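Have a look at these structures, which come just after this line.
In what follows, subunit A forms one complex with subunit B and a second complex with subunit C.
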Partner chain A sequence: MAVLPAGVGAGDFAKVLQEFGSAVGSQWVFSSPEDMDLYRDAYSIVWGEPQERRASAAVAPENVEQVQAVVRIANKFKVPIYAISTGRNLTYGGSAPNYTGSVVVDLKRMNKIISVDDRRNFAVVEPGVSYFDMYRHIQEKGLKVWIDCPDPGWGSLMGNALDHGIGYTYGVYRDHFGAHCGMEVVLANGEVMRTGMGALPKATSWQDYRYGYGPYVDGLFAQGNFGIVTKMGFWMLPQPENYLSGMVMVPRYRDLTALIDQVNYLEDSGLIAPPGYFSPAGGGLFGPPDPKLKDLMANGWPSDDALEAFAKNKNAACWGASLAMLGPAATVQGTWDYIKQRIGGAISGATFKDGETLKFPLTPEQQAKFPHRVAVGIPNMEVYSLVTRSPINNPADPPFGHADFTCVISRTGESVFEAQRAFYEAFTEFGVPSQIGPFSGPITWHQRTFIMGPIIWTYRDAERNKKARALFNHLIDMAASHGWAEYRTAPVFQDRLAAQFSFADHSLLRFTEALKDAADPNGILSPGRGGIWPKHLRASQKGRQNL
Partner chain B sequence: MSNRREFVAWGALAIGTLAAARESAAFAQGTAPPRAAGAAAADPLYAFVYDDRFPDSAAFAAQARARGQRTQSLDHGDVTRLWYDDLYHQWKKGPVGIAGLTTPGALFVLETFGNDAGLRLQFKADHRRRGNQVEHRLFGPGPMLRAALPLETSGNQWSAHMGRVMCAARRRSFERSEVRLTTQVSGGPPGENDYLVSWVLAPRSRGSMTTWGS
Partner chain C sequence: MKRSISIAGTLAVITGVVGAATLAAAADEAKLQHGKEVYEYWCTSCHGKGLGLFGPGTLPGTMALALKYKGAEPPVLEDRIDLDPQFVNTVVRHGIQAMPPFRKTEITDAELEDMTAYLTRTAR
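Entry: the complex of A and B
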């Protein structure tokens, strides 16, 4: 056993583990170094350093009653616990806790798909159900609903939603927390609570109406530490009949502003799935850096005229957006015709390229050929083969992971231009080549949300990680100075990120701290998650923002 | 960490039985007969995984096939099909070992899935191509490392040799030693062959497996 919870001796901790074993079965309590290695953050930016957050043990309950027992034991011994679903969450902390010495409550064994209803289009699941599990279930049962999954399909529906993760279909579904409807939670005192209509004992509408009656508290359990969620309902997209895609290109550099306004209208009207912005002139997010662009930037940030001349020399439009529609054949075709008419009339010189039309369900051959399968609800692990071979990644010296700086900006062209320059200058200040430049577009994330930001590579090398952390911290501060912030980050950065939300002397954080003190007086549940520390650790831990 | 000379001297004392040493020495000299379908291995491997985008990986798989082993190609480096259609079902029944020569990314995904099924990384070797050399850094049980020593003289057949090493190895030990070796190769640009890994994921140990979701 390499790590102990603070203030707990080895003898007492052995008793804790024994009690956990009595509650869940001793074979489901892990504390050997070999087992605990699996709960390290494989992508950690503090790997092997004193700041790395390490768990002391792990316990894997099989059902709600066992979760309750675990929570009560943790309270009895005042041992911090940290719940994970399937524990992926890579780039944002993996399975590692915020507070070293915490016992991981590993919920992988709670992997029941409780229901999938394709009449009312919802599912209810336990934490250990992955996107692959749900997809397999739907296929085997022939159900007429889709999942909305993130790029790697091995994560948990619940875990992803509780970290505010996203997918790739229509807005209401790809905001995975936003698509949830009702949850069951084990509270810090060991009681079980159901939210929304689930609190009404005879209700059959738990997954129809999310608010029930009274304050809506579900948000406390995402990126928070107020309970262990043991069931969640999710709204699901009814299987669409058809998919149609197309691209629109606009010639001038500042046309991005009008393009975004037009596409915002389409998305906010529910006409399109998440738009993908790109620059035919400058390359995509994972595109190789154009050496000529580097030359263009040798004397500082280029003028709009210079950027347009650059694009013209390449015979390329400055900006493009790929758009996709799901629905009946006449509807998606009609929408695409409308888009061409609307944007063609609003932006002079706009051009359009018709894309693929597919009818669902896809044949295996169509599935294999489809370029980004998650966009049509098919989970996969392809992202690991793509990033491995990415030109922005040195194949001879590949990193061990990455910490993504996924920074929310406002959904306008003006903000995009501002962010391009701010990120570029931040990288330049650190003497690091910038992944973001004048042809970097926004990435559509949650509904009505843009993110921009770089990928920071992590290594098993303390010196390189130290530089990466310095840059990351700088980006957090720089972003906040513009009114931008990450939507999610790894535990080592959560205090610093939470501290940026400082309106009215940090009233939001102080409010959640007050709730924490009331709901979890022993401070056992995921101390530090979301920047929320329990009272007894607040002074010693909250200030650890400078790594 | 050891170079070849240090490893041979130290490993003979520290690791393995005389029988294992004889076996691996005979194997290294090419005098040991090829095994059929993993018959003599303590825990047979279910599949040898390769990435047909890389000739070295394909050569590894060809060697495994020649020794009666089942091989499975990745799908342009993507493990989805292999895991979803095949390994998922096998690992629901219980942990069965697999070996491979792939990119580090594919290993990461398979190791993570495998960990949940009660497997652990028993052997791993980094193979980095630098010009006309392939630098190998191997971690694993002593007998496997000893069997790998002929890598130094295997030239362009280095990956086929890794296939032989894995076909022949026993899988009970999770003891971990390290050795570094270099192979001189000829022809072909380094390109994207720069960095591959060979590996074995084996059931953790009898009686203490972690089988999720079964």
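Entry: the complex of A and C
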């Protein structure tokens, strides 16, 4: 046994494991050191250090009744538990708990696709269902709906949504938590609750109307620790008829502001899927930054004139946006024609490039050739090319993982310019080459949301990780000083991040703590998740993660 | 009579041996087929031959191995003839670089055994 839960002796813990075994089958209770290595956060920025969060055991229930039994046993012995869905929340904790000594409740075996309805366009799933599983199911059954996929397809629909994950189609679907409708939750006392219309016993509209009656409590179960979600409904996109893409390029450096304003109009009007901003002058989509930029930055931040001269010398536009539309052929073509006319009239010198037109369903050959398949609802793992041994990191010294600094800024050119410089200066202050520079564009994330920020690499090297943590903490503080913050972060940074949301003496956090104390009096459910600690650990643990 | 019994007995033994061998071959084939299915379900999205972010043949695992081995070994795992069961088991259960380990709720020990048999079927 690797570690024990705090305050629980070896003898009592053996009884706990025995009771878990009686509830789920002893073969689904894991506690040997080798098995517990499978519940470490493979991308941990504190790997092998005392701060690394280690589980004491894992238990893998197969159905909601077994989850209830596990929760009741945990309550009886006051053992902390931490639920994972597919356990692939890498960068944000993986399959490890927030609090050392917790028992991981591994929900991967709960992998039923309960329903997919292509008349009302929804699905209901259990936690262990991955995007790959759902895609295969839809293909096998010939259903006329799409899933909105995040970049890695091995993740859980539920787990991704509960951690506020995102995808690549229209905004209402791309916000995966926002696209959910109805959930079933095992509460800290072992009771089962259904939200929205699911609380009405004979309702058939659980996945149609999300609010039911009374307060809307679903948000408590996202990035929180108020229950274990065992079923969740999702709105799905009806299979579109066509996909059409195009690019718009604008010549001048400060044209980004007008470009963003124009594209905001298009997106907020429901005309386009998430726009992808890039700089042809700076390196383009997925391309490494132009090495000549280093010379340009040698004497500090360049003037707009210098940046424009740099672009002109390369015969490249300063900024571009990749736009995509889904829908009937006449509609998507009409929208693209309208975009050209609208932006062409608003930004002088704007140029356009027609992209690909596809008709759905795609042939296998078309699928194999499409460069970013998540944009057309096909899950894959391509994004891992950016974080494994690859041309964009040092192939001789590849990282073991990463802790992404996914920082929410407002959707304006002014904010982008401010963030570019702030990140650059923060990196420079640390003596580390900045991943963000004057040609770094924003990344469209949830609806109406821009993200900017670097990837911080992690290693199996305490010294390198220590420096990376110092930089990460510095970025959290720097971002907050500008009114920016990550939307999601690794466990070691969750206290610090939560502490930045400090309006009215941290009234939001204090409110959730009050709810926590009432709903989970023994504080067994995911202690510390989202910075919310149960009462008995609040004094000793809160802020401990400010490494 | 004695002779005919003897011939019948010999035939029975031969048939039994052939039957057992056929059954064993079928079992091996089923194991390899299952191992292939496990491999395709869990591994090919990174270790396959398809299109990746950097072009054809750059799915994450395939690209990482191409950069690592620089032509000394095929980058696609299914094309390797040097894999041994212990190595496959270690990588799946411990991970390597950016590839995390796989838990027993994902790939059971029995599934891993079949997958290992599939990946090492052509081992030298």
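Methods note: the second predicted complex is superposed on the first by the 536 of 547 C-alpha atoms of A that agree within 3 Å, B and C clash if a C-alpha of one lies under 4 Å from a C-alpha of the other, contacts with A are read in each partner's own complex, and residues count from 1 in each chain.
Just so we're on the same page, a contact is a pair of C-beta atoms (placed from the backbone, for glycine too) under 8 Å apart; a residue touches a chain by one contact, two chains touch by 3 or more.
These figures come from a predicted structure and were not determined experimentally.
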Quiz item: After the match on subunit A, would you call subunit B and subunit C a fit or a clash?
Solution: clash
Practice problem: Between subunit B and subunit C, pick out the one touching the greater number of residues of subunit A. | Solution: C
Quiz prompt | Contacts of A:W154 with subunit B and subunit C, given as first, second, both or neither | solution = both
Exercise. Examine A:P398 and indicate which partner it touches, taking first as subunit B and second as subunit C; both and neither are also allowed.
Key: both
Quiz item: Looking at the overlay, what does A:Y39 touch: subunit B (first), subunit C (second), both, or neither?
Solution: second
Quiz item: Does subunit B (first) or subunit C (second) touch A:K108, or do both, or does neither?
Solution: both
Quiz item: In the superposed arrangement, does A:G93 touch subunit B (first), subunit C (second), both or neither?
Solution: neither
Quiz item: After superposition on the shared chain, which partner residues are touched by A:K369: those of subunit B (first), subunit C (second), both, or neither?
Solution: second
Quiz prompt | Partner chain in contact with A:G377 - subunit B first, subunit C second, else both or neither | solution = neither
Quiz item: Taking the options 7-15, 25-33, 43-51 or 133-141, which segment of subunit B carries the C-alpha atoms that clash with subunit C in the overlay?
Solution: 43-51
Exercise. Would you mind listing the overlap between the subunit B footprint and the subunit C footprint on subunit A?
Key: 30, 34-35, 38, 42, 88, 108-109, 128, 132, 153-154, 380-382, 384-385, 387-389, 395, 398
Exercise. Please name which positions on subunit A make contact with subunit C in the complex.
Key: 28, 30, 34-35, 37-39, 42-43, 58, 60, 86-88, 90, 94-95, 106, 108-109, 128, 132, 153-154, 286, 368-372, 380-391, 395, 398-401
Quiz item: Can you name the residues of subunit A that touch subunit B in the complex?
Solution: 27, 30, 34-35, 38, 42, 88, 108-109, 111, 128, 132, 136, 153-154, 379-382, 384-385, 387-389, 395-398
Quiz prompt | Contact footprint of subunit A on subunit C as seen in their complex | solution = 41, 45-46, 50-54, 58-61, 63-64, 67-68, 93-95, 97-106
Exercise. State the interface residues of subunit B toward subunit A in the complex, per the touch definition above.
Key: 74, 76-80, 83-84, 88, 103-106, 108-109, 112-113, 115-116, 120, 128, 130, 190, 192, 194-195, 204, 208, 210, 212-213
